[in-house]
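By letter and in written order, the chains are A, B, C and D; residue numbering begins at 1 in each of them.
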């Protein structure tokens, strides 16, 4: 049974990429995927329980980085596979990958979802084909539901986001098509306009360009732009008016050298370097 | 892992009992426990799925005997332990015994109950502190619920008996205290008097004295008395008038020599010989 | 301990091992509903799905959850399902589902019910336990789902608190197709990796067909019963078919074939390409061996 | 594959291993509710139960299900529970529960709610999943249960069929006590035999204390995660205590001590005998070692 926990095969794995990619990027090899993962790591608190769903690369990396640095008591539950505290041995592109079973426990998927719906999550990660200024997300249909322009995969687990204490949104595409004034379908409910109900919207938005949070009124606000990104880049690629911070817009902290080294220990295929197109 | 399925300890096991008990009983060593188990075996059909709860000795033995003879495709699910198709290696007194995990699968207990409640059972085994002429059973309170004369353990799984296609009642005490005209508390619902509802009561009753079934109207009827038991014994120990078969009352078939040998292969402690006090 | 009588391997205990044609032939030509196991591109019983398509099995309702990928695509593209309950249909990081997109964006006769995997799995759990419906936790009422699918999500009053709650009707699929890495001939199945929600599916569905990478002996099952993920009485047929999940993964046996999947997604972005794919990989190969031969020698150049 | 950074065993990851006094001290003096794991005389975390009694922890409601034996007896006899939801309290083939009998037959301040384990476990499952209540399958309405316990079983209308159905309110125990044969220091627990309904209990209860026969390394957990029955984040404390289930069984470690149990049942059939038992085996021994010494040298002759 000694090899029970080793994946036998790994699709798309190029054993040389670890050495190759050193020169592919300037700026110490820091790609937007690394910055996003580090930003997520910094946003997590020790002892929290996280639920991660489909397309998990960036939250996986951020959570594992947090475990390896300031949050050793953090628990990460890997959506599809059911792995609890996967070591990311290695970081794999699909949430259902066998690699995610190099872990401490493996839960049946319905239990993962039921625990999440039962309120066991401190942090939930979500995204959308569309995200609007209140944090509403759409994974179902762009256009009307009757006359669909773009058919997304369906709402997946994100309708239950408010069952977690905090939701962190992430997307690898910060464009005006994603960040729209109003989503066409609410898969995940954002902050209530006017604040009438008890539901709460997302806490943080992590993109390849910037970090955003929400004002007390529940509208999206710029927190910082990533190194090498201008404020204009962010504004031009957001389909609504972001609330801007007063004074100079801060720059998102870059991953430190230690953080970059730690991410390489599990990102054997260099996926974080290529995750943002 | 080769010894994973072997119980390390077994309470109350006397290694000599297998040899000792040969002479303890007359009539080829056939005790009421054997007759009851064989009667249950004969009542089971190949391919059925059985759910067995607490105090499982007699239904366990009957079901395993059926598997070893005419019903190799029968599935037995062992209540507390969750064992599916336990080999009874050996037959153990508690439904939760580790011995019941010498089996093909082990289900969490809530799944056993939920599958049963979900209608997956062909046959369910039940008993009661009181059993009445319509097959109602009481495991809760004798006397009124406010002024309790005898506090039973509680209704356990038997309120769900009608979810199985057939229920077989068994008891090791055929007395007027058990077989009463009317139970004080309905833990298991018998046949509806007058036949107004769709619920169905038990199909068969197996005791140390006799076998009973129910008339089309749902009242208990004698099928046969066991060897060495007189009709008067049965009538005197039943607190209501049993419907009697026409003509001569048949004698319950005794276990054959082959059946006795098969039961000994799993009843290592001779429990069937002593289960009826 | 004692020697167990030989009847554990009683010759009269019926083996459930069937050839794939015979196993799928157990499904009636038209069934109420189908739920296919696995999740995303993992542990999906594709060999059974392809055989269902070859035999033209029709299903009133297909439950696309918790996350369906190629199984949903092929069944919808083949026109075998009338109503699809959508939890998630897609290829995760590989991209959106091309047939699903085309059917939804250009219109089709399929009725799509917008749903979510959490509610679908609570409904499946309810179906397993004999409950008529499953109440939902709070939260969903703030999304577009209940308004869009008023037949799937209904409101009721919690008899204990008087609060309103949403609920979904119990799901008891007529047919469940699942993949286990191993099983014995009687249908005791072992998941060597994640079980996803397939254990629950196996307990809930009326007829369960199981494909496996290979058979193990009943002795091996008895040796470590805690490992058994599917108990035999829930299984109607066991179909050994190596690489039967391809192009999806089978945990601990092989990963998904992302090259094949990407080429599928490209091909299936047109009606012609999809038809060509179906001809080559579903209707063409007469058995799994021939299918794998075609996969290995895949020449996609002429695919539309 | 790569060497995993040392931080898997990061020195700053907090061990949850506690002495039994400190673990039970995590429970407030008065809690809403308690559910004790195990079933019949198996896998019952008796060491934790005895320590709760020594520390005088009080619980408004005790859930005696799916089947409680000595844990229910001692907690009720010690006067620490006000309301008991009765699924099953007894010693299976050994006999009825003497303290339960005396309290119910002679009257007591404890309020007994007549219930059933199936409904209790559906309620626990609902509590785990955030559902407010659990509808019940048909059948129970023909028994005395709904009429006897109208607050536990309530009627509602199925919004899909219009039929009436019974329902029970979700159960989310404030405290869950469970026994695993093994765990690592972080609370990843392994059931070496049946898990009974303890996995579900661990997912549903607000505070979970786990006793184990012994600790294993986190490395061992990582080596075969499919074996982990309780994930660490659900566990507040891990208490290693060998023979901690005595006189109940711990699957694969030891069977129940039926001699001790029978003597208990005899002793506890009178108030004096029960008080004597409590003095000798609960309040007397200052630790588990002393408890086991008393058990081994048990001289029951002078017990009332």
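In the analysis below, a residue touches a chain if its C-beta (ideal position, glycine included) is under 8 Å from a C-beta of that chain, and two chains touch if they have at least 3 such contacts.
Computed from a predicted model, the values in this text were never measured in an experiment.
More contacting C-beta pairs link the chains of B-D than the other of the two pairs A-D and B-D. Averaging C-alpha coordinates per chain places the centre of chain A 39 Å away from that of chain D. Chain geometry summary: the mean Cα position of chain A and that of chain B are 56 Å apart. In terms of their C-alpha centroids, the spacing between chain A and chain C amounts to 28 Å.
With touch defined as above, residues shared between interfaces to two or more other chains in chain B number as follows: 1, 4, 83, 101, 106, 114, 117-119, 163. Residue numbers of chain C whose C-beta contacts span two or more other chains: 122, 125, 129-130, 136-137, 193, 226.
In summary, the structure contains touching chain pairs A-C, A-D, B-C, B-D, C-D. For chain B in complex with chain D, the touching residues are 4, 7-12, 54-55, 57, 80-83, 93-98, 101, 106, 108-110, 113-114, 116-119, 140-141, 145, 148-157, 159-163, 185-189, 192, 197, 199. For chain D in complex with chain A, the touching residues are 1-2, 4-5, 7-8, 10, 12-14, 127-130, 184, 186, 188, 203-204, 218, 221-226, 228, 230-234. Touching chain C in their complex are the following residues of chain D: 122, 125-126, 129-138, 154-161, 163, 165, 167, 169, 191, 193, 226-227. Chain A meets chain D in the complex at residues 1-2, 4-6, 49, 67-68, 72-73, 75, 83-85, 87, 89-90, 101-107, 111, 114-115, 117-120, 163, 262, 265-266, 268. The part of chain D that touches chain B in the complex is made up of residues 39-43, 64, 66-67, 86-90, 92-93, 96-97, 100-101, 104-105, 114-118, 121-122, 124-125, 136-137, 139-140, 142-145, 148, 193-197, 199-200, 249, 251-258.
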